[in-house]
Amino acid sequence: MLDFYRRLYRTIRPSSGDDESEVRADGGVVSDGPAADPPTEPDRDATARLKSALDRRFGSDFMESSIFWLPPFLLMGLFVYGAVIWNLLISLTDYQRFENAPDYSDLDFEMYTRALADSGFVDAAVNTLILLVLFTAGTLVVGLLLAILIDRGIRFENSFRTVYLLPMSLSFVVTAQFWLWIYNYNNGIANSVIGTFGLGPVSWLGNQDIVLYAIIFALMWQFSGYAMVVYLAGLRAIPREHYEAAKVDGASTLKMYWRVIIPQLKGATISAAVVLMVFGMKAFDFLYSLVGGYRPPNGADILATKMVREAYANLNWAYGSAIAIVLFAMALGVIGPYLVYEYRRDNL
Amino acid sequence: MSDEELRTDGGATTTTARLRRNLDQMTAEDAGLYVVLIFAAAFYLVPIESGLVTSFKTGTAIIETAPFAPPGPSGFTLEKWQTAIDALLRGMGNSLLYAVPATVISAVVGSVTAYGLTIPTWKKSYKAVVLMLIIAGIFIPYQAVLVPLTQFWSQWAQLDQVLSFVWALGVSNDYAGIVELVITHVAYGIPICTLLFRTYYKTMSEEMIESARLDGATLRRVYRRIVLPLSGPMFAVVLIYQFTQIWNDLLFTLVLVSTESSPAAPVVLILAGLGTSLEGQDFALRMAGAFFAALPTLAVYIFFGEEFADGVAA
Amino acid sequence: MATLELDSITKTFQDGDEEIVAVDDVSMSIDDGEFLVVVGPSGCGKSTTLRMVAGLETITAGTLSIDDRVVNDVKSQDRDIAMVFQSYALYPHMSVRQNMSFGLEESTDLPDDEINRMVSETGEMLGISNLLDRKPSDLSGGQQQRVALGRAIVRDPEVFLMDEPLSNLDAKLRAEMRTELQRLQNDLGVTTVYVTHDQTEAMTMGDRIAILDGGELQQVATPLECYHEPANQFVASFLGEPSMNFFDVTLEGNRLVGDAFEYPIREDVRADLGDATDLVLGIRPEAVELVDKAGDHEFETTVDVVEPMGDENTVYLHFDPDADPENASALVATIDGFNRVSEGDTVTARIPEDAIHLFDRRTGEALHNRSMKDAADQVDL
């Protein structure tokens, strides 16, 4: 494909250069026109015809603009879609251990049946879903509340916003260190806080039933600032008159937000939710850094960590690929409808 | 707050007016609002603050003082920072070595791609297909490409051998991983950079572009002379966003560079294993390391917070 | 210098499964050095037509030629045209001088000092020499407008295209620029196509005007011809303020019978109508006279509203004093500002037979127009 493009471009470029000189030489006869000069080389004529045929089919700037977007698009397509397809292939092989390359001659769904039988996989899938749903919903709610509070014409608005968004600028690797310290059993802040209410101490990262929720809480801390920024942009796009009209109509502040303002934030909610779910699926970095290894705390294994562990720690390449495909399918389930929605709104 | 000030400075007017209004009408509701906001701010800051004070504490101080309290004169030490810097400095250099080129390249490529997909006229329905594929690329979980990526770099494109003339100069061949990271981050950075630039280019005046084309400029000249010079603000946003993302990423470094003992190990890789030993966890060291590793992104965030917010909101 | 020829130009857009015809089979030819104004209500296809001439939109069907060269497939930049946009489309990061040089740099091989000289000359001609080193954002709307013009002029193109170039200016400046643009076009003698929705611009500026509605060309003629001899009811109603009065009438023998009145017509007018019996009678407000004596073409009316405009009054009359003014067929007349009438007065209005227009009610086509000669005579009075 890349080669085809290069060849095409090489043949077209000199010919379009010729066109330009022709225009100047005889005061404006253009060879694209119906009264074109007889072609000197049949090859050139063919490419010119191909170019105009392509332009007619795709729009007048198609060929000329392709030099800008096509090479990056191909590079990205190769690394993203090429890799996903390759990954799918690998997941159908039995590739593992120190084999240099997968054996593509014998393809089957063995890795997928193995996944279904693997209780570790099922647990990780369930944990992934819990994490996605709770993390996304929680972050959206906190972000919305913060955005509404900040949008009420307060002083130091910028300072507050900067503080709320600060964790988002930090690496998962860094924030994991902070939360490790906070959830620390002996003198972590989490236990001191619940200690003042006469509770605890709790082994936040050691207790299988709690650890996932502790991690979700930490992730919410990191990303609610992001949800706030998105909601704030949405709120700012609502005309001031809507607030005033609702007030004139006698709605209470609470009612005004619930019935007039929040329904208008649908677009912001959808795009923030999609991005957050994707962040949630990428929580690998956080979990890895929490323990400094491939094996997250018991009860907090998600597909993202399981996939990397199977492939890179246990060297079950094909099995890891199969898990990756499941993760990819989950992501697609979220992104696909979103993209169609954006396309329908003409917002691509 | 004199009236003169109100008249002379437009910016000050709103702030002072707002301030006056707030002071005049500071109701219980408003007071409650600020209390909530300050509590929220504390919630976001405490983990960071607590990490900062801890990084200066001696082992005894960690046990004896509250986690968020400052260490006090006897419990204060710079020793952990010293150790962290010693351990991470090499990683900082390595991280810069791929984060800076990858950021710059992906921003430039993103700008060019977005230009080709936004300004020139070709069929919308075909554009939409290309755009959808690109935007979907933003949301791909990297796990789905990891194994092929390893295969690609280890079996297909063996930079290790291609770049052998570099190793001959005495550079450790582990640095092939850095080159791989640059290319990988550029490839996966194209979608988000393209999207960010596209939102910006969509707001450019269509008539201005048409005018330039009527003036005889080719698409390439329109980009060079009109679009690129006007892209400054968006470049700031994209560079900052991309730098933060690439600097902070662990997964690719883990897969492509693999060991923290490698001379080419990026800072995140070293940090993930820092302060863990058989005797237990050295929290002060971990915190010092975390702060040190976060310094570049923190600096970027503090100086360019506005652009960062624009980047994440898009 | 060049002639411009549009031959059955058609533009269709695809909107989902629907095909929308934006410009439908428009043919006209513009002479060398002519100033043609294309006018019509918004959405009539006038801008699309201009953009097809510019090469910014593809032509679905028909041929476009500049100086007998078919340019359908020629890229904009090779058509040797310059365009002035409604938003001026100045490059914000370039100084005025750079804005004006840009086109010459991109489309010619002229050396820099030659370009500089041409820009300075054009700047002088437009009176913007002192602005050449400023950025567009430092200029007023009127100055930006001049720079946009200068950018087009400096390229010395075969054809000027202007897309509502004055609509972002305030009323006073707009009137000034109207005169100035006409003077410039006269001096330069460049073929110009000028798109506007403003009928004053159309009437005052153009050598000829082309009136579009619903993508279809209604009439191309001199402004006075369009005004006095409209091709159809749309043109008649579009030009003139207040708009022409229209009454549905039926031809019965030699009489036009309407809801409110009967109007006898002469044999020569009758002859123009052919077989059509369902007609629309049109009369311009300024042709209606208020008189003392009664007659066949004089009608008793009641004054409903008087709008004093200073030099003249616009008077809304209705025929039936008892009718609900909302529904009764009204007659609008423009009369001398000193002619004092007031609300509720009963006055006699004359509809002079020399001044009436008759349209086929079904097709809207004009069957009988007042003659240009009569119209000219009346102006003399």
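Side notes on the structure shown:
Per-chain residue numbering starts at 1, and chain names A, B and C are given in the order in which the chains are listed.
The criterion applied here is as follows: contacts are C-beta pairs under 8 Å (C-beta built on N, C-alpha and C of every residue); 3 or more make two chains touch, one makes a residue touch a chain.
What you see is a predicted model, and the numbers here were worked out from it, not measured in a lab.
Taking the mean of each chain's C-alpha atoms, the chain closest to the overall C-alpha centroid is A.
Relative to subunit C, the chain whose mean Cα position lies farthest away is B. Note on chain placement: the centre of subunit B and the centre of subunit C lie 57 Å apart, centres being C-alpha means.
A straight line joining the Cα centres of subunit A and subunit C is 53 Å long.
Centre to centre, using the average C-alpha position, subunit A and subunit B are separated by 15 Å. Residue positions of subunit A touching 2 or more other chains, listed in rising order: 60. Residue positions of subunit B touching 2 or more other chains, listed in rising order: 218. Taken residue by residue, subunit C touches two or more other chains at no position, since every residue touches fewer. The part of subunit B that touches subunit A in the complex is made up of residues 18-19, 22, 33-34, 36-37, 40-41, 43-48, 50-51, 54, 62-63, 66-68, 109-110, 112-113, 115-117, 119-123, 126, 128, 130-152, 155, 184, 186-188, 190-191, 194, 218-220, 223, 244, 247-251, 254-255, 268, 271-274, 276, 281, 283, 286-287, 289-291, 293-294, 297-298, 300-301, 305, 308-309, 312-313.
For subunit B in complex with subunit C, the touching residues are 205, 207-208, 210-218, 221, 225-226, 229-230.
Considering their complex, residues 57-62, 64-70, 72-73, 75-84, 86-87, 90, 100-102, 146, 149-150, 152-155, 160-182, 184, 186-189, 192, 221, 225-226, 229-230, 232-233, 274-275, 278, 281-282, 284-285, 288-289, 292, 303-304, 307-308, 311-312, 317, 320-321, 323-325, 327-328, 331, 334-336, 339, 342-343, 348 of subunit A touch subunit B. Across the complex, subunit B is touched by residues 54-56, 76-77, 81-83, 85-87, 89-93, 102-103, 106-108, 151, 155 of subunit C.
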